[in-house]
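Each of the two complexes below includes subunit A, the first together with subunit B, the second together with subunit C.
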Partner chain A sequence: MSEKYIARSPAVASRVLDGEIVIMSAIDSTLFSLSEVATIIWQAADGQTPLSEIVHKRICAEFDVSPEEAYRDAEAFVEDLAQHGILRVSSKPLEIDIPVVLEDSWA
Partner chain B sequence: MSAESLALISATSPVSTAAGVTVEIGGIPILLRSDDAEFRWMVEQRYASFVNTCFEPRYQFEIDLRPPAEPSDEDAHVTRDGRLWRFERGDFRAEWDPQLCRGWVRQTPNPYSIDTILRIVHSLVLAEEGGFLVHAASAVRSGSAYIFTGVSGAGKTTISRLAPENVAVLTDEISYVRRGRNGYRAYGTPFAGELARVGENLSAPLGALYFLEKGPANRLEPIDDATAARLLLRNILFFAHDDELVKLVFDAAFEFVSNVPVFRFVFTPDSRAWDMVG
Partner chain C sequence: MQDLNRKALRLGIPLSVHLDVTYRCNERCEHCYLDHDDHGEMTTGEIRGLLDQLAEAGVFFLTLSGGEPLVRRDCFEIIRYARSLGFNVKFKTNAVMIREREARRLRALGVEQVQISVYSHRPEVHDEITKLPGSLKRTVAGIRLLKAAGLKVTLANVLMRANFEDGEGVRLLAAELGAHYTVDPTVTPMMDGNTSVLRHRIPAGSLRTVFHDPNLVEDVESFCAPPAPVDDDIREGLPCSAGHTACYISPYGDLYPCVQFPFRCGSVRRERFLDLWQNSPQLAEVRSIRGKDLTTCSSCSHLGTCTRCPGLAYMEGDMRGPSSADCEKSFVRTGIVTAGMIARETTAIPMAGLVQIKPLIQASP
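And then the complex of A and B:
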């Protein structure tokens, strides 16, 4: 299995509100509302941490799910967001400016 | 379209002496200049109470009319090149330099092209100041403005049609929201929907935003901010898929819902629905 590295695209607007992350693509204005697991993957997408490590340390450690199933779901999620230009995916670590996720600044 | 063909305005371009019509929407006067008296008359008729001769225009557009062609129902393509905005559709091409406060339009002699261009320009101006255009009806009652939005068929036209006599309908189609020092205001627009009626040219501070749903009984339900922002963003007019612009509008939607009361408004389409408003 080849390793995957994921990074949040700069071409997005995102915000965490009431624990829920909402993302809008600047490419096609598509709006995403992420689940709890998807939020963990999004926030860990620093371009440097392999997807398998994110799944193992952040998801399997917190949720009752097998590593195979968790990785399969994570891959599907990553591919979906990548198609909308929201995540960048590479087989090598990514060196890009990762946008900061704002935390409910008006609450 | 080549870049060369679009290089039509510059700081050294002479200001046209053609007569024009100033259309003031949302307190922002825009002068539309054209040599064609028939076109100017058409603009005056279409924008009626929004035509204003008193204000110094903030922006002016030179309009170059071309032979009539089939109307276009495609989406307008809006791009930014440095400080210059370009708008293009089958029936028009335009450029706008906000810093110079000037723009240029080449269009066929129809009212729809300039209407779309005005919507685009206002949406871009509003984004810079935390406001937006939104697919929604809006109305003023007892000094406060109320916005009614929702999916297609949710009841925007219906709620406008049911408005009692003491309510001034700002629009049944495109609502205009500006953010000022003292909060948000809604303005009337001439952008008509199914009622084919130009809105009242007035404004008022915003009282509430309602997401409409038709149902068996009238009721209001609170909506959490995240849901409200998501629903609002689905109805805000986005003409340009521009990184900076999308972020501005995205943030504007979240700030709006955290400052303005927002409700889900399930209503039965009769005049009693308005008992719930305000």
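And then the complex of A and C:
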């Protein structure tokens, strides 16, 4: 199994409301409200931690679910968010792009 | 989105904030409700601190506007900081100052959409309204650059006396540019209560043409249908989101329920935003109003479908009263007079002998 790395896209907006994360993609304006498990994956999507490690350490450790089932569900979730441009997925570690001002003076 | 709004309402979260970062502008639109001077705008540091507070309060949708926000030299720093805090940012501009670099930067910063005012597809009409020669040409060039950079663009078409015949032209221009199109015939009094700009409003007869134009109104039959019977849900309902899940903050840090509702609720320069949001007596008053509490409109058959703006009503003297502009819109849409029109003797529409016709309510079997 090839490893997967996931990173939050810089083109999304997100906010925690009453314990749930709300995400909107600037690309297609789709609004997502993440479940508890999905929130864990989203928050752990630092581009550096393999998805298998996120599932093993963060999900299987907290929920009564087999590693195979948890990984299958996590993969489906990741692919869904990737299709909306909310997560980036790669076989190699990713940098999280932080919006930056290209130049301080633009006028 | 409805679920999110319901949740925000239940939890008392200000889901959407409109922040004008300046009232200065490079255009002088003849119908504008603002003056264009700087009376002491918030500094970059103050705005950063405010954005921290807004994020902490749960604000998700942030509209950055003006004036023309790009006249602030720290405009991109403000956008960058807002995006770093996770806001969904909508940016309102006239696009006159948009070059390739600005377009690319807005895209790189993850701005969700850009809204641009376009009054006409004809330069002589648009430029006459903005009082800036060459403005349509520059605005359209800016829109092309924004679209080329991959941004979602909406053309906001305010229809007035001077341009009400150009709605279709602007809609076609939007289609050619790959932009969304919205039309709005609302001209509001100035923030200081000056009503002289209202002379630019579309005459009722022309408004009727606009509201019945299938090219401008998606579903004319539904849009212009008689209002459904008023039920308890409508009577117990909220007039709009102003002060409930949304609010407006001026460049000077003053908090209002909405950009069209100049009922000052405090200053974020003096108090924390969340303290004002939760404890302002003015916001409490706005939040206390239900459909059944409206002095004239509570008995109106249009209560459930009218676009009644409490801010416009407030500017006419009573936030619980009717807004004459919205009475006119409801009448023009449906042909059914409103309770506000009956109560108001000084309407422009001949009222002699008119009574309000209420939709028939089917009797229970």
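Basically, the second predicted complex is superposed on the first by the 97 of 107 C-alpha atoms of A that agree within 3 Å, B and C clash if a C-alpha of one lies under 4 Å from a C-alpha of the other, contacts with A are read in each partner's own complex, and residues count from 1 in each chain.
Operating definition for what follows: a contact is a pair of C-beta atoms (placed from the backbone, for glycine too) under 8 Å apart; a residue touches a chain by one contact, two chains touch by 3 or more.
Everything numeric in this text was worked out from a predicted model, so none of it was measured.
Given the touch rule stated above, what does A:Ser33 touch, subunit B (first), subunit C (second), both, or neither?
both
Touch check for A:Asp80: first (subunit B), second (subunit C), both, or neither?
Neither partner.
So in the superposed three-chain picture, is A:Val22 touching just subunit B, just subunit C, both, or none of them (first/second/both/neither)?
both
Which of the two partners, first being subunit B and second being subunit C, lies in contact with A:Glu3: first, second, both, or neither?
Touch partners of A:Glu3: none, neither subunit B nor subunit C.
Counting residues of subunit A touched by each partner, does subunit B or subunit C come out ahead?
Of subunit B and subunit C, the partner in contact with more residues of subunit A is C.
Do any residues of subunit A touch both subunit B and subunit C, and if so, which are they?
10-11, 13, 15, 17-18, 22, 24, 26, 29, 31, 33, 106-107
Can you name the residues of subunit A that touch subunit C in the complex?
My answer: residues 10-18, 22, 24, 26, 29, 31, 33, 98-102, 104-107.
What residues on subunit C touch subunit A, complex-wise?
By the definition above, subunit C touches subunit A via 1, 3-4, 7-8, 11, 13, 55, 58-60, 73, 76-77, 80, 83-84, 86-89, 101-102, 104-105, 108-113, 152.
Quick check: in the complex, which residue numbers of subunit B touch subunit A?
Touching subunit A: residues 224-226, 229-230, 233-234, 238, 241-243, 245-247, 250-251, 254-255, 258-259 of subunit B.
Which residues of subunit A touch subunit B in the complex?
It comes out as residues 10-11, 13, 15, 17-18, 20, 22, 24-29, 31, 33, 106-107.
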